[in-house]
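Right after this note come the structures.
In the two assemblies presented below, chain A is common to both, partnered first by chain B and then by chain C.
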Partner chain A sequence: MAAASPHDRMAAPEGAGGFLAWLMAPERRGPLLVAPAVIVLFVMNIFPLLWSFGLSFFNYRANRQDVPDFVGLRFYERVLSDPDVWDRFQTTAVIVGSSVVLQLVIGFLLALMFAREFPLRRILLMLVLAPMMLSFVSVGVFFKLYYEPTFGLLSQFVSTFTGEPFVLLGTPTGAIVGIVVADAWMWSPFVMLLVLAGLVSVPKYLYEAAEIDRASWWRRFRTITFPYIKSLLLLAVLFRTIETFKLFDIVYIITEGGPGTATETIAVFTYRVAFQFFRTSQSSALAYIILFVVIVLTNLYLYAVKRREQEVA
Partner chain B sequence: MRTIRDSMVLGVSAAAVATALLAGGTARAADITITMAAPDWPPTRFMKEEFDRSYQSPDGHNTVLDIDFIPWPSFYERVAASLASGEQKYQMIVTDSQWLGAFVEGGYYMDLTDLMTADPELTAIMQDLHPALVSAYSTYPHKSKDFIADNPFPAPDTRYFGFPQFPDTYVTFYREDLFCHEGEAAAFQEKYGEALPCTYEDWQNVDWDTFRNVGEFFRRAKGEPLGDGVADDDFYGIAYQAGKGYDFSTMAINAFIWQHGGSIWDETKAPEAQAEGVVNSDVAVEALEHYLSLLQYMPPVAQTGQMDIFVIQDLYMQGKVAAIIDWVGLGEPVLDPSSSVVADKSAFGPAPGLRKEDGSIDRTGNIGGQPFVLTTWNSDEVTNEALNVVKWWLKPEVQKNFVAGGGQSGLVSVMADPEYNSLRPWNRAHVEMLDWQRDVWHVPDFFELLTQQQEEYDRAITGQIDAQTALDSIARFQQQLLEDAGLIQ
Partner chain C sequence: MAHLRVSDVARRFGAVTALDGMSFEVEEGEFYCLLGPSSAGKTTTLRAIAGLEKLSRGRIEFAGRDVTTAPVQGRGMAMIFQTFALYPHLTVRQNFAYPLERERVDRAEIGRRVGEVSELLRVGHTLDRKPATLSGGEQQRIAIGRALIRRPKLLLLDEPLTNLDAKLRHDTRAEFKRLHRELGMTMLYATPDQLEALTMGQRIGVMRGGRVVQIDTPRALYEAPLDTYVAGLVGAPAMNLLPGRVTGGQGGLAVDFGVAGIDLAPGARDLAAGTELVVGLRPHDIRLGRDSARGRTVDAVVHLREPLGDVTVLDLRFGAIEARGAIEAKMVVREEQGALIPEGSAIEVTIDPADLHLFHAETGVRLA
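Right after this comes the complex of A and B.
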């Protein structure tokens, strides 16, 4: 009987020890280390995504035991021609636009304030950053109580001047303002952090040179400060737009989408279609349309990141 | 010749066969865990405590009732998600009556008709239950209360699915210190020419007009006299449900529609019954306008469409409202001094209603509370034991304990006990109100019907649209949805 060559031994390992050695070979170690993350990603993200994508082409309701039947693009057509969907997109756009602008203004002003040294700066900075570290539910409940017209702080304060309770959430405009303020309160510190990072990266000698040239405050801002922070501002805009586009928790807790459907964002609407009406396929189609919008925004975000890297380089 | 050894083998074998036969003839004790989904509130907490304290399986099983207590706001979503996922986690479910259609059609709730009919004990229970509860909590397709009253169990062409876990009605919670205050009573008499209701009997004569007067009369600004003192904050006369969430506005508005002689879409007459022309009839519009007209006397949160049953309970317990209409199930915390500043000042009466031409008051309302059901994937052994739990829960002595602990019974024989009304202060009102109860739809599409209706009611409550516009939109939506579902032809 001829002895086995080293090549044969590698191809056919003997016992568990041999398999382990084969598995831990240097060329397999990398994929092996990454494998758990890939498996989790597949099970938790990729598989559900593919599954729900498939469902969007079938007529299926999760609370019925009927056999799903293939309907092609019918639900995409239905979603895109549903006036309710476009109404919720418009509501979302109003909330996103208002909230992101407010966050940018407040975040920018806060960044300008914290770019300088002053007494108790660090403590104040921690306090200002606190809202973005809270959970959405806490913020939602806090603002719901804050706006409560019978005993809420806002109403108590306003009524000292007007003598009447202040009912902010009783009108569509008031309810949108309430949502926007709550979201901006929570996320303006995030914008501030990004802008602050840009502000501290501006070389001091540029300001010194501008001082010598007696440049005005506006000119210094326009020609020195803004170029350094503009890509970070763009990042902030895109990141907050993507996040606010998916706004659910705060809306659901503060107004439940009311009055009527005045503050029902597309995320809340999708939730209702999926988990209250159990129109599973329709909600899947809607979710993929939202995903498409988010992917477009994300690509813009990545483009902005790339530009920022090029500028830094 | 047979040896001794052969005889011994034969004897042992015969004994073994006999033992096996005997064992097969009697139920074997088993460890059974019944997992039940239930909303997290006193009536279900009490059930768990009482079960752990007193339940003995009649079949000798070692049974554990493992209740998954779910917060109310996410109760439907959690149960629905569990059922739809196919995890088969629950053997029993405390369910809102409206869910019956969706989850029966989904194949999740067990049809108990044959088991009830075959079991004399269950048959006796069904025949002893109040018809309003059998109608709302058990039948699918839905049968009206009148049909059930005319056709005791087992009614023809009727399928039964549930038993009452906690039957609930809404009643009036009121501040005895204000309504029985001599000075307030005199001022009310002078202003409206009628007596301020103080006793239970007085409240039996309260219609919506008097309730409106109460709302107007007790509106006090901070610092104004109120009873023996002054209002330490703005104070309001009345409150009832006006909330966008779940079914809050619908529960109150249905009462107005029925009392005015209107109707919601009648599922017992499907597919002939129509939505358009019924849901938005002139009478229904008048009823909704009546409901809306009283909101001005309520705390300002009513204007936001967020005045749900928990909000009015909170406002009442904080001493900011004189009288509210709320579920009996929310009464217990009101009497707890640790959570309520009006614990020692509260009394209870029937809910107001609409006075008819003959002077009587129509108090028709939408039933609350929940039945419990069994799920279809239970083994025979688990099903039998779950039904043993049902029989235990609906035993008169257990029901009386439950009532003494703040619950209610659906058994007519228990409610007829002279001691019943004295067990808790709201019992008399509950028993009186139970006769007036009807229920909203039970069809599988109920959540879509409900959500759209709640949105339109919310628009009307917040003053964006009028009653006619709201009901026209609701009727149009329901007609289309129910036609698509084959429930209207």
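Right after this comes the complex of A and C.
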């Protein structure tokens, strides 16, 4: 302890092992314990996020060693005026629209079914919820095999009628249908859960009162049931729209965006731009445009959540 | 026309029997009360009449028609639920109009009737609000209005005052009487509160274990309860039920309860000496002081006073017989008298033999 600085003396009066003792002090134990997680989060998430945001304003390619030069909003301009981008947005919109509608319809019908008691209800409910619990990759692989022209179940089934193998993914429409069915299969249970929660929250005596008041089935649904599930339905639509908008895994595994670019969603397109064409700056700009869309949708979602809370309270 | 007959109705939920041979009749235009503690089957009875419960056995006839298996919608009845069951997402006006939708009533007529009902119930100022923004009393009146608007032949009321506070209950009791008088509608009213039944009912059916045990006017129920169960249910504070035995007395037979024998009322004299009894005595029938002209005077000790404002309830102990333990009873005195009697003081009370209700010791059935 030849040259103890004033700082050392203040922080660790005990002397030896000064820094360690200072670090382990009770009031710093909490921050210390969360530090590893914060560091990982920063290195893996926050830094790349900010860095890529910066990159979107520079001319840069990840596979070259050029010094990035500042170009301002040029890549945003280029992305927004690129007809390919708008084409992929359209593809995404078609997939999102049809998949969300399909999920809503199926989820809603499932919820109506599971809202009443019947034998084996619990077991069936677990089975129906299973797809939601699977990973995207396994769902993708399932459906890829299912659609397989030579030995896939679908093709075998169709060929018993037509005598020819059926190539669903061969046409643009067929490929989109294939993607939508896979996504809807996976996520209809989610819509069902939300709607079911709403259906269960309707007090039974309201239906009895309505029965005494001679309300028809449709009127009962419209004036009693629907108001209870309305906000939950909105939540389901928004949540599924946001999620499907980012759809990547299933598409990439089943069709890789094909045939041609028929099923190339905006997420797959961004991936290609970034890691196949290595237009890093352009993909960053595109990613931030997507982020912006998702943030708008998320805010709508949060607004809906808040409204539901107010209604329930 | 709107005559209701329930005959031998039973309803079982699995192993639980909710209704077990329920029978009673309600005359047209009558205000009929079903009185019983919770789980006696009152709600199940009303729900069965409305058609919300399937019967395990029995028959329900209404307005000269067998409606046992008729659908709920076709019965021409309205019901007011304990929870009010207002449609939370509709305004008061829409709640009122709800039952008229199916009636093929035109818009002008709906508007007229909504106006009529809201005037009758004095809720005109709430018409464009949602039920959740209204007070309990207002919600209650909306529920009544929705039931009345279709002009049902029979109105079923399932403990409609249970969810209201004491003051509102009092006001609403008067309201129900007024409505019944003004509309002349047949009303079947279920309640666990004897006060509601006594003040409103023209006739009362006392329920126990899924059946009606006694049907009578309020006065008759009060004066001659059929058994100890009804005696304990009707009247407040509840009738004192004391152990007694018939002994040989001065003027024939007497009931010994604790300290002394009391001459029996005439008409009960054919009881054999030694018969064990339950003696019923209303708290209001015990008189303060010595009055040998009116009955037998008994010594008692006041061990608790409950001042209620206008009257005071005294908890009495008769005698201190170690073998049997002291016999306890409640009596009611006017406040100004009660204020003079401290806890622990010894008093004399007079009991008129004519006021005694005698019940069989085991079955509880009324003897005289």
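Here is the rule we go by: the second predicted complex is superposed on the first by the 269 of 313 C-alpha atoms of A that agree within 3 Å, B and C clash if a C-alpha of one lies under 4 Å from a C-alpha of the other, contacts with A are read in each partner's own complex, and residues count from 1 in each chain.
The rule we apply is simple: a residue touches a chain if its C-beta (ideal position, glycine included) is under 8 Å from a C-beta of that chain, and two chains touch if they have at least 3 such contacts.
Bear in mind the structure is a predicted one, so any value in this text is a computation, not a measurement.
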| item | value |
| --- | --- |
| Winner by number of chain A residues touched, once chain B and chain C are compared | B |
| First (chain B), second (chain C), both or neither touched by A:F161 | neither |
| Which of chain B and chain C A:R272 touches, first, second, both or neither | first |
| Partner chain in contact with A:P149 - chain B first, chain C second, else both or neither | first |
| Chain B versus chain C as contact partner of A:F118, first or second or both or neither | neither |
| Chain B versus chain C as contact partner of A:P203, first or second or both or neither | second |
| Contacts of A:W218 with chain B and chain C, given as first, second, both or neither | neither |
| Touched partner set for A:F70, first chain B, second chain C, both or neither | neither |
| Complex interface listing, chain C residues touching chain A | 47, 50, 52, 72-73, 77-79, 81, 83, 85, 87-90, 94, 98-99, 101-103, 146, 150 |
| Of chain B, residues touching chain A in the complex | 76-77, 80-81, 83-85, 102-103, 105-107, 233-234, 236, 244-245, 299-301, 303-306, 315, 318, 320, 444, 447-448, 451, 455-456, 458-459, 461-465 |
| Residue ranges of chain A in contact with chain C within the complex | 203, 205-206, 208-216, 219, 223-224, 227-228 |
| Interface residues, chain A side, partner chain B - complex | 62-65, 148-151, 155, 165, 167, 169-172, 175, 255-262, 272, 275-278 |
